[in-house]
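What follows is a set of structures to go through.
The two complexes that follow have subunit A in common; it is paired with subunit B in the first and with subunit C in the second.
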Partner chain A sequence: MLRRLLLVEWSGLLAAIVLGSIALTFLAPNFLTEFNIYVMLRSFCVALLVGFAQMVTLGVGQMNISVGALGGLVAISLGGMLEVLGFPLVLAVPLAILIGALGGLINGVLTVRTGINGFIITLATASAFTGINLGITESIPFYNMPATLVAFGEQRFYAFPYLLIAPLIVAAVLGVFFARTVPGRQLLAFGGNPTAARLSGISSERVIVLAHVLSGTLAAIAAVLAVAQLGSAQPTIGTDWLLLSFAAPIIGGAALTGGYISVLGTMFAVVLIALIENGMVLAKVDPYWVQFLLGALILTAVWLNRWRAVRTGTD
Partner chain B sequence: MTNAFVRALACGTVLAGIAVAGAASASDNKIALIPGGPHPYFAPWEQAAADAAKDFGIATVDFKVPTDWKLALQTELLESLAAQGYNAFGIFPADPVGINSTVAELASAGIPSAALAGCTQDPSDVSFCLGTDVYNSAYLGTKALIEAMGGKGNIVHLAGLLVDPNTTLRVKAVETAVAETNGAVTLLQTVADTDAQEAADQKINALLGAQKDEIDGMIATGYIPSVVASKSLRTLGDKRIKFIGIDDDPIVLEAIKDGFVAGTMAQNPYGQGYIGAYVMDLMASGGCTVKDDAPWVKTPQTAKFIDSGTLVINQANLDTYKDDLKKITADIQGKFKDTYLNCQ
Partner chain C sequence: MSDDAIRDAPPRRRLSLGGASGQIGLLAIVIGFWVVFSSLAPGFLSTFNLFNLGRSLAVDIVIGFSQMVVLATGGMNLAVGSIGVCAVMFTGFLLQDLGLPIPAAMALALVLGTLLGWLNGMAIVKTGVNSFIITLASASLYLGAMLILTKAVPYSELPAAVGAFGRLKIGTFLSPLLVIAIVIGAALFVLYRFSTLGRQILAAGANPRAAAMSGVPVDRVIVFSHGLSGFLAACAGLMLVARLGAAVPSVGGEEWLLPSFLGPVLGGTLLSGGVVAVVGTMIGAALVTTIRSGLLVLQIGNFWLQLFLGLILLFAVFVDRYRSVYAERRSTRQR
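Moving on, here comes the complex of A and B:
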């Protein structure tokens, strides 16, 4: 039983989460209070979608550097549509997600049409998306968000934030998409061996564009949740996403070269990162050492997972 | 930025103002006010620039924002504007030490600069620094918080960017105000690097989640944590925890109105931009230099500091604080020439 559990790629992360939770329970008696669990669950809603947004491009061996910039653009677009144009929520949210998908489409099409690596393309489009964001807002947020959206970002059922519903649905859909559908398998097949995939009749162009569109869409959903969570459409939304977007899927077991991703692993990685960040505050760590400890703990978690993989021969 | 109509109207007003000023231009100077990067704190500088151009008959006063909070981008912008004929600058340094070489370069070309809202580190070629006395503001804010708490209890300090030298001053100011209570007030924790909205949301809510029953008061000395904490206290429905924020973001003001926030420390960004443009015009015209023996305030960063004014906004003065800040601005501007400058 234990050996079978150890064979699963996320078992190291699960062990780290359990050990960390036990340690924090002793260290901070309030760790397991309903409100603190709610705070933690709420904090990983956006993070999870950001991790997924990068995970899908990693799956085809690409990178999306513009995840945060696109998220910021979608956030202020949503804010503008709601506050300035007076669009109803049911129209503004789908349009905002469409803007994200369109941003992803631009990334994908530019990548396949120019033949330039997606890393360079998205590096450039990130700057462009941020530029549009600043040009529109002049760094002043949109404040007047509809009460329904703000309430959705705050309300909870005991410790379960309503905000978590969206990432859980997305996780389930992504799990099925990559495990059971033809386009999902094609994405991973192309990421694992592009030449073999092409010889099997998989269109490389379609696969890359699809990955970027999915990535843009997921970044857009993350941005909508961030607006609901913060209660205002801040131009700074997305500025801190880049590191997290890589950390979560890679800690979760995704291959940087493409072809392998783990939805569950990414979820556990985000839980672990949220746990570490929460623990830093609870443990009253000296603010000047928080960044160091965060990095050290994430490295420990990665090492633990690596050790497990080597020991079980799943390396 | 509420709607396109208001924006168009505002632009029209500004343009009309500039046209009128242009007709009666007292100087041909081209002045630029340059923040460290995009931040809502500097939004009033745009209006301040337009008003200064109109009121003092300056040919051009522009508000130019670097695209990101990076020294290299600010430096490039300054050099590009100097090449375009701008002959005086009001700068919030993206890096208090790093900006000095560019300022020296400008000074050697006869282009004066002033540090606005944030100071450069001495030795520096900026003429002076006009900004909030961050130590005093944080000290007064903590005093106001302690008073709101009835003189005793546990407090938490929500600080901004750790790399900002002002954060160190603010931390010291809060510690000093707490120490003066002789143990009646305890500083439980300093939570820093909360200057990004999402990081602040995570950290502040984690803090409240774990320790809300132990915390009697909070003080924020950064714009973003101030906004986030105001919202978090409203979400929590907690009026027991007393909170003093900083700056007058609408979310903070609304929370003061509804009793979730005890007060906020107002700074004077409009006044900094307005007075800064006025003084830079006098200096760029070549007739004025700064006095060495003026009543400058000495700070750890600079020996030529002028406090642009600070006050506590609470329920009592929520509707009138802007008038108070205008009075402070008019007062500083009215006395500036005689007090701080030697003019021919």
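Moving on, here comes the complex of A and C:
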């Protein structure tokens, strides 16, 4: 029984979430209020998509340092299209997501065509995306967002924010994609063992590009949600995504070497992070503690994964 | 790779020829930018600008070295900026709050940097986890701890001698900081080319298993490299303290990430490990500093700088890639 529980990568996470929630309920009386749960769920939305954006590249054994930079670029593109160009929402949002996909395509094609480490490529494109973002906006946000978008970011059904609809759909789609579809399986197969995958006829170029395009798209969706949540298109959106993007999938049990990811694990990891952040706020602790704890959490998760691998003999 | 690219494999003569051209090419690009900037903006060659350029170049070089020594082992250190800023704030604390003499404070800050780097190395070796993820986590850990302890309040009342050293000039425009950076470079050059330890590091970086089989203590070498990286990051932090005359918590952090990779990668250090280019890293850093300073003098502003740096890094890795493809083709033809 213990062995089987240990095999499930998110078992520890779930335990931590339950224990943490119980502790917070007793320690902070306003933890279980409707509004507080709404606030937590709302902060969960963007973070989850950011985690997913990194998760898909980790799955294929790549990484995307430009997740945040691309998010920032998409956010201000959306803001610019809505405020300066006056595009309607139904046109601007798909275009913004397309920009994200295009950014991912650039990352993927550059990585594949040059054969250079994806880390360096995306480090460079991250700088380029941020540069375009800052060059266009000169650090000045777009404030006049359409009321529909802002309302979507604010409205709620009891404790359930409408914003949460998007990440839940994305999570379901990703779950099916990686478990049931051919490209999804190919992506993971390639991440697990590139040589074997190539020998069985999987095009390495196609899966790597696909992973980067997906990553860019997810980062773009995260950026659109962030704009809706903030009610303005800030050029600073995405600047603090890098650590989070790695923290969520890795705490959720993804292998850095590729080939193994967990949609559910990533979700639980983001819940845990949101819980910690919320606890910090309720306890009125220095916000700097979040940074510290996130680092500690990643190290713990990495260590736990090692321990589990040794214990269950899957290593 | 480059004429100082200290390689592990014996066929040095043939390969280093192609490499030297790469480094000369990089130098030519730097000179090209100097010509362009100085003709567009006469202020670029003023002693004031040259002095400032030298000071920031010194910091950029040492940041690059800090990354380079870890790249040599085939790993990477994302905590360079965090360690740097920890050393900065620790110096400020020791000088302002404890009133320690300057040499003692500096020595202790360097010890702290080395210790933080050593911790990274130990965590990597003990867990066997990728250095990327360990240093990503520790970067956040160190930065968070520093912010919790200092509450992000700068130390601005340091002894006057600190800022005075930063403003010191040798001759008309040479900063002593640049001299220190070059001395560090020379020491690293000697380490990697002439010492057993340096050769062991490169061997471990090129092929850990082969190195272990030939008796190289791979784990110890990795821990040493991370300690050295932390030491160099702390050095860069101290240089910044001297330059600013204050200990500011916003320096370092993620801001150092890109420059730390730019210098070594432009200069010909391989990400896969086993090759370092000390002089190349210095020229690479010079390119970055030149562009930054030039854009500043031309008043294009900082906003587009990021884009330029990103494009230059991309351009450099492409050139490097195609150079190695070309060299390979030529060598197969010769056979």
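Keep this in mind: the second predicted complex is superposed on the first by the 278 of 315 C-alpha atoms of A that agree within 3 Å, B and C clash if a C-alpha of one lies under 4 Å from a C-alpha of the other, contacts with A are read in each partner's own complex, and residues count from 1 in each chain.
Basically, a residue touches a chain if its C-beta (ideal position, glycine included) is under 8 Å from a C-beta of that chain, and two chains touch if they have at least 3 such contacts.
Keep in mind that this is a model prediction, so the values were computed, not measured.
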First, second, both or neither for A:G175, with subunit B first and subunit C second: neither
Which superposed partner A:W303 touches (first subunit B, second subunit C, both, neither): second
Which of subunit B and subunit C A:G192 touches, first, second, both or neither: neither
Subunit B versus subunit C as contact partner of A:Y288, first or second or both or neither: both
Touching partner for A:F35 - first (subunit B), second (subunit C), both, neither: first
A:P146 touches, of subunit B and subunit C: first, second, both or neither? neither
Touched partner set for A:E138, first subunit B, second subunit C, both or neither: both
Contacts on subunit A seen with subunit B and repeated with subunit C across the two complexes: 130-131, 134, 138-139, 288, 290-291
Residues of subunit A that touch subunit B when the two form their complex: 28, 30-31, 33, 35-36, 38-40, 42-43, 46, 83-84, 130-131, 134, 137-143, 154, 226, 229-232, 234-237, 239-240, 274, 277-278, 281-282, 284, 287-288, 290-291
Touching residues on subunit A, where the partner in the complex is subunit C: 63, 110, 114-117, 119-121, 123-132, 134-135, 138-139, 242-243, 246, 250, 256-257, 286, 288-296, 298-299, 302-303, 306
In the complex, subunit B residues that touch subunit A: 1-4, 38-40, 42-43, 46, 65, 67-68, 159, 162, 188-193, 196-199, 201-203, 205-213, 224, 228, 231, 235, 250-251
List of subunit C residues in touch with subunit A within their complex: 76, 123, 127-130, 132-134, 136-145, 147-148, 151-152, 254, 257-258, 261, 265, 271-272, 301-311, 313-314, 317-318, 321
